[in-house]
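Shared between the two complexes below is chain A, which pairs with chain B and chain C, respectively.
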Partner chain A sequence: MKNITYNKDFYRALQDIVGERNVSEDPAVTENYRCITAQSSAHYGPYDTRTPKPQAVVLPGSTEEVQQIVRLCNKYKVDFKAASTFWAAMGFIGSDNAIQLDMIRMDNVEIDAKNMIAVCEPFAIGGTVQVEAMKNGLNCNIAGVGCSSSTLAGSAGWVGFGPSSIFMGIASENLLGAEWVLPDGEIIRTGTLGSDGEWFCGEGPGPSPRAIFRGWTGTAGTMGVCTRIAIRLHPWPGPKWIPVRGTAPAYFADGLDNVRAYTVCYPDWDAYAESFRLFYEADICYLAHRQFNMFGRDIKTAMVEIFTHPEKQFCDLPELMEDPYIKEQNEQMKVDVQIVLAGFTERDLDYKEKAFDEILRQVGAHKSEYYLQQDIEDFVKLYLLRLARKNYNYTLCSSYEGNFGLSPNVFVAAPLMEEAAALKREWEQTHTGVAAVGGDSDMGSVSGIGGGGTTGWEFFVHFDGFDKESIYDSCAHIDRTQEWMTEKGLGADFGRWNADVRQPNGYNYTQEQHDSFYSKIPQPALAEYQWKIREAFNPNRLTGSYYKTLTPKEFRDGDNK
Partner chain B sequence: MAKKSMFDMTPVKGYEKKLEDFFPMERRCSNCLGCKFVPFEKIKSNRFGRNCPSVWHYNFNLYSARGRFQLGQNILEDGSVRFEGQALDAIFNCQACGACDVGCKVTRFNLEPLAHNIALKERAVEKGKAPDALNAVAAQLAKQKTMLPGAKKADRGAWASGLKLKDISVGKETAEYAFFPGCQYAYDKDLQKKAKSYVSVLKKAGVDLGWFGKGDMCCGGRAGQMGFRKEFEAQAQANAVVWKKAGAPKIVTPCSDCYYALKRQYAMLGIEVEVVHAVELIAELIKSGKLKLKKAVDLSITYHDPCRLGRLGEPFEPWDGTEKKILNQVHTWTPARPRYAGTYGIYDAPRDVLAAIPGLRLVEMERVRENSWCCGAGGGCSVFNPEFSDAVASERVTEAQATGAEAIVTACPWCEKNLSGVTSENGTAMPVVDVIDLVAKAL
Partner chain C sequence: MGTKDSLMAIFGRNGVIDDPDILASYAENQSFEPRFAPWFVVKPSDAGKIEKLVKWANKAGTPLVPVSSTGVKLRGDSAPSVPGAVAVDLSGMKKILNVNRQQRMAVVEPGVTYDELNKELAKQNMVIPGSLKPKAGQSVLTDVLEAVPRLNPMMQWNFFDPLRCVEVTWGDGTRMFTGEAAGGPLDLEAQWKKQQWQVQYMGPWMTDYYRLVTQAQGSMGIVTWASLKTAVKPSVHRLYIAAADSLEDLEGFVYKAMWTRFPDELFILNRAQAASLIGKTEEEIKRLKEALPPWIVAVGAAGRELIPEVRFEARSKDLIDIAQVNGLDLKEGIAGLSGRALYEEATSTDDGKVYWKDVYAGGHRDVFFLTQLDRTGEFLRAVREICEDIGYPTEDIGVYIQPRHIGSSYHMEFTFPYDPDSAAEEARLRSLLETVSVAVSDLGGYYSRPYGRWAGIQLNKDAQSLMALKRLKGIFDPNGVMNPGKLAV
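Here is the complex of A and B:
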């Protein structure tokens, strides 16, 4: 058992490290770093609780300050967690004896245009990394979470696929190295950075603990603090800044003549899946995402109408939904996807257009006429290229949770889509806690890995974060869909991905609780291996329970404290 | 609804909102960072991507609109936080510039971060927790009818000496427009010259202009922005009495703070007054050919949009509706409730005036129009916390210098004063001028 040793000496030491104005234990500040889990897509369920209150909040300004803080935490056995844009509960602490590091002061972005690399600090968000890259004819993968989130957090700590992953790859593929303060305070610079000070390769010849640090999902901030990363940038054929026209809040991309945005309408899910295979093979897509269906099959076109007309609001939804033209569009777009093509030359764009048309012909799909309207196309271009409006996830009801999580090969996921949609539709009709939007509210990346192969889909469950009935009902719905996922052998529902890493009351799980979970999984040795990794890198177990470990059998019945 | 009189003084629906009324939106905030950054698709660089001076300067989440939503919950739910310490610091270190409001409303339909921040200030004031410096400002307003420290009511009219402006307050003379200078132009020795210049230019172009003479007072708007609701209301009512007696003329003001107060804050109180900013009127006069700018002004300038002329300067629209849920859980307002996203503020008029000056070259900053960076003076911050206010101004001067312009132009005396003399991150200052300075040179 760890000592509870947060005290005034510890606080004064923090002040010495970062200066008085950058640390606080005032309750107004510390209460501000508690995540109301119902408000944010935490991927572990919308509970009506808050994560624990940190003892103090500290704002480090450099890697050296982070190192000193971490060493101090080890000395006093105080838990810590670092986060920057705080999208979800995983960024927040999970015990009472803990401090929160807010990385907001570290927001630098450096572009190495020649080598197509961006070096990012934690509070550099996707939106700012991208604008700096575009000035140099380059672009970066922005994860589906949107451009308001930290590039570093997505790249180092979580999954990181999005609309651009088909062309630019996902976060783990783009990570070229990291400056990493280990949980015990040692600083490691991975890959070439650790050898000759350059960022071009994350694997070597310097130290290469990337698999430990990153893996597929990332460690959700449980293995120390990443203070800088380098990511691979990709070609961008557009202007140095995407011109925006329109009046707030209806913004449209302007003048992107070598970029085309289409919405494809399919006759059925088989055609949908086959087209994905062909898209992967043809390698023509710059972005590919099922985006606006996130609002729901019955309202998606009405929602785009609202977003593109600043005078419209949600009270216009019923009338828009009854509009015969809108209804017809929804009918045509029951099974749909948004695709963006970008031409690096006129011939390139011409080729991609022809290949795209041929794929649509082969599968019997067509382009949505609605989305060919200039304003609508320009809205989609801006939306998908910048991913600036990801807060639309919350717009409908103020909260949402992703569920189902149909992320395997498209030929596995697509045949299940209507059954999943029917399950959700039935819930919408028999319960009032979630928004009734037509069942299917599936959305997500066409590509869960660079170039394609897997998908990254989830159904959005829209609920009101102010309304307890809505919170609990949406939670019950995810319980139901988890049952369905289990029946189908599909694993954990998206909404339950993190159910085993933080308790419903917002606190960390204990090792004993984790042992009881992971001793029952099909391959417990995997979690035992992770235990050994964690013990080597994080001997005082100071960064929460998102790292999934099982005490090896030889220690389980003995001293595993 | 029956048409109200111009000075009905019945507050419109929504004005009486108290902190408790904001609880649902405190819970519905989605922590999207829209209150920390310029609307993301409008960001042009990492360096100038932020929108809220408060969280930019103080860094703790508490100092953002999102943080204040959380603070409101802590205060209302269980009293885990009280009006003390950093709670008060965050509440009052807010310029009420409205950048968070614009950032929020780009995607959200039912949140009002600016109104919520002011509700927090009001509650703190009610509890007697306002900073001493702001209490002194409110007391000064009650006593001297101005919020400028040290200024005396008796000295207010000095700026107008020699102008031969018609005094319409006594009911003997009338004018189409009443010139309402605002406290800065009325008292500050340097700015008085600019007020005179505005009057001269308008009169030269044939505008039928008067003023309220001894009835001229502070608009009181800033008191409202600081959370002193009662003092603001009293001042607004005092002005309304004078204006009514003067025949309810149209009001022209060169001060963006006054403009916002009269256009939006007074409208919420039920005082409907027709107000134009002086640059709007000058733009119209130029367009109609009544004012001709002939002399070249060889200068490269950048224009700073004042918050209260720009994003906060949108027309007021009364709304009387209800909220209800549709589709099970979609929260709506019926009929559609006005959504002040900064779209219809006054952006083009000052630029049109500048474009009409021969030789003048306008180079835009990155953060313009509804996304303009605040000068730092708003919400009483320049009085209460000059160090913070100066830091915010310095950030704007740094941004202005990045354009390569030789001078900053603005249309608000508060902005002009706050930006003047402040050095950028490079340690150098920039000349700051009023639109009228350039117009006068070009005549």
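Here is the complex of A and C:
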């Protein structure tokens, strides 16, 4: 662990940069910038610890202020990390000698409707960007994290796919120009922004420097601070705002006549996989997600009943689960997916409906009658278009964790789905810490890439985040599914995705620990080059261990700091 | 051991070419940059030999210049910019390593041309999204690595689509895969056995390695295969054309059509460029230039395997309606130019003898850059004014505008035909290119692919990007052996 170099001079300098109102080292404030490591998408156990407490929390108001803060951190060798909406542990610091940047003051959104571009500051959340876009007949990809999270963080900081990615692409694909304060305090503006102040292209000139900021994931705050980005917007054929009816929490989209939401019921997983191939080729889906199965095969319809009927409560769940009609719906929807079609003209909608029907015919699938009920369809439209109900992920047991992940190739994943479901079901029946929901609680994006081609799945493991036994049982379950994943040659379980970037105690890994991990991967050059990139752009190593590095062979016995 | 001997140790006695005529042919190109014949030419057949070659080059301090296409070198990026280089001719690496109908993916080596790939893809009813009439010897891999715009921007969710994963030997001699392929063993066969088809191009972690070899002119490493996203071949297709008197007249239609994403292809040509694309002789081109309208926009509608006629009808009627609302008449042909003929020419390769832009005057030079559609008119006016000042005939200027990345940016390309046998014309053209190149940049035109002179112009506008590029070059090619002199780094 690094020595503490944070001191009062440093703090006074922070005050000079952002003003006294925008920086604090009061424990009542800094304690709130610790993340419970059970937070979803952190995916490492043991769930009852927190990330370290920052020495100070600072709220910059401009790129220039961010640059001054980063330069100060370099001068004093103080670690830093910036976050906007703090979805998961990746936004939080990993050492005691660190400050937290909270980007909440930078929340501007500007829309260039003609050229379909939105320029977003860090605290512009997906919901805000979408509202501004829809006023102009446009929409934006909202990542699975939901519309209350930062668009910039999803685009530049982490993965960023969701229900809309099949039509709108994933966050990486939509990222145009970007402004970054590098870890050494220099500012780089990618593509056209750097040379002409225009946002429309983030590539080049020549080989794209953006390569070091955003790969399959973003750098989780380890490559400095991204202060503004432009994203590509996409067409929205609906009204300037989505009319909503209903009583909380049962809200329904109203009057979206050229938008249709369906749930497809498949006879088996082969049909499911084949339909994806056809959806990709036909290019007809506006949104495509396996969504409500996240509650589990045995209870998903009952949960939707509760969400769509304001008089119903969770205590009604056992009774609903015994309802023969609900049971029949669950049985029909064992293998299912939600699809939204949007027509840009009447002919377009007609074509998409026909193509959709033809795909269902070819694979022997049918539309769920339950989801054809007007209220249920309107609930699904609103849910998937806005992705505003992330709280539903937590409603069943107070906490959840994604696991399995299987393969991005649906033709590999689909044949394994029942085996994975059986494994989970067995755990549910023999242990008490994980909710028994029917085994299969798989959910995720039909496409993890624009236009289709890969998928992104996770099984929701519902557990009680306030019960230690439940916490540890869910963790043991994920260990078991990781064993199964390894036996099948499927790589890292989704629940262990980030096991290598932060220690179970919430602190950063050391370089030696990372070396021991990444020297064993199939192509270690991946991690060696990232080491070299870090040395070039982050020479003081101030941003934590989410950046995966392997000391190159030539340095391993030498200058290994 | 001397240089040639040590190279022979890798490539064999007959594998190191030093015939002066052959060496001189590798310096030939259509740029106005200084020409340097390579010291030797080698023709590797596999990545293993390339790995050895790059390691040798690092030890010997010898520059390497990758060459994958055959025929005229249009931009000079694959010609040495320094003396004493070894030209690494990859045009003989012609294996199509894999075609996967289920995933619509193909994996190709650098020497595979469009005709060769499309012939193979056609067996499974697929096609590779192409650029505007590539030369017959054009390497598909180089074309996509260099981000030459595609005729169908709707299939570009990512800026570099259809490029997906690559195998690269970096300038330091390290070989690796990128994207999804980097997550598995360094062995394609082993990955295919596990049904990993090199579809997902990002990362695989936090660094987009493939982005470092795009638009790089071979200055970062040598790519020995690339996986490419293909398309299902249309079973019914029509290219519609609308005429306009001015570029501005097309703007409303193009914006709206791009918004709907209905077009399969969409591109804009002025009459000189359209005439050059269609005409087979100088006379025919002249005749066409007189007959054609000042501007045309070409828009494709297609149906594929799934209810093709329904899709085709819907797309066709909607595009015609959108054109009408925007004051354009979208037709199957205009002024003797049929959409079918235009499509055939745009999507086929040239005859391999005279490059299609050279038919009119014997030679040509291009200036191309990225901008936004609503700014294209400004560039057009500026270039015309410069031509008028310099005395270049404005009616000869060809213009091609191509939306890319689902319309996020627009490739704008000016073509200036000239007689290469006329010293006066060449001198005038040199002056014109310099003035136009600077003026375009001053107006905000973006040389995302900065060939030759444009590298200095572009990178001098953005010191931080240049510094970042130099740092990255220092990591992946620390001894600067990969195509030195390119990109101002």
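Side notes on the structure shown:
We take it that the second predicted complex is superposed on the first by the 547 of 561 C-alpha atoms of A that agree within 3 Å, B and C clash if a C-alpha of one lies under 4 Å from a C-alpha of the other, contacts with A are read in each partner's own complex, and residues count from 1 in each chain.
Just so we're on the same page, contacts are C-beta pairs under 8 Å (C-beta built on N, C-alpha and C of every residue); 3 or more make two chains touch, one makes a residue touch a chain.
Keep in mind that this is a model prediction, so the values were computed, not measured.
Of the two partner chains placed by superposition, A:Q503 touches none, neither chain B nor chain C.
When the two structures are aligned on the shared chain, A:T49 is found in touch with neither chain B nor chain C.
Looking at the shared chain after the overlay, A:G433 reaches chain B, while chain C stays out of its contact range.
Residue contacts after overlaying the shared chain place A:Y394 against chain B, while chain C stays out of touching range.
In the superposition on chain A, contact of A:N136 is made with neither chain B nor chain C. Here chain A touches chain C in the complex through residues 114-117, 137, 169, 172-173, 176, 186-192, 194-196, 198, 200-212, 214-220, 222-223, 232, 235, 277-278, 280-282, 344-345, 347-348, 350-351, 354-355, 358-359, 407-409, 411-412, 448-451, 453-454, 489, 491, 522-523, 525-530, 532-533, 536-537, 547-548, going by the rule given at the top. Residues 23-24, 27-34, 37, 39-46, 49, 58-62, 67, 70-71, 73-74, 80-81, 85-87, 90, 102, 105-110, 325-337, 339, 341-344, 370 of chain B are the ones that touch chain A when the two sit in their complex.
If you check the complex, the residues on chain A that touch chain B are 21-22, 24, 26-29, 31-34, 36, 39-40, 57, 59, 85-87, 102, 104-105, 107-109, 124-125, 127-129, 131-132, 146-148, 241-242, 244, 247-249, 251, 299, 310-318, 382, 386, 388-399, 428, 431-437, 462-467, 470.
Those residues of chain C that touch chain A in the complex are listed here as 102-104, 147, 155, 157-160, 174, 176-177, 179-180, 182-186, 194-197, 199-200, 202-217, 219-220, 229, 232, 255, 259-262, 304-307, 310-311, 313-315, 317-318, 321, 370, 372-374, 405-409, 444, 446-450, 455, 458-459, 461-462, 464-465, 467-469, 471-472, 474-476, 487, 489.
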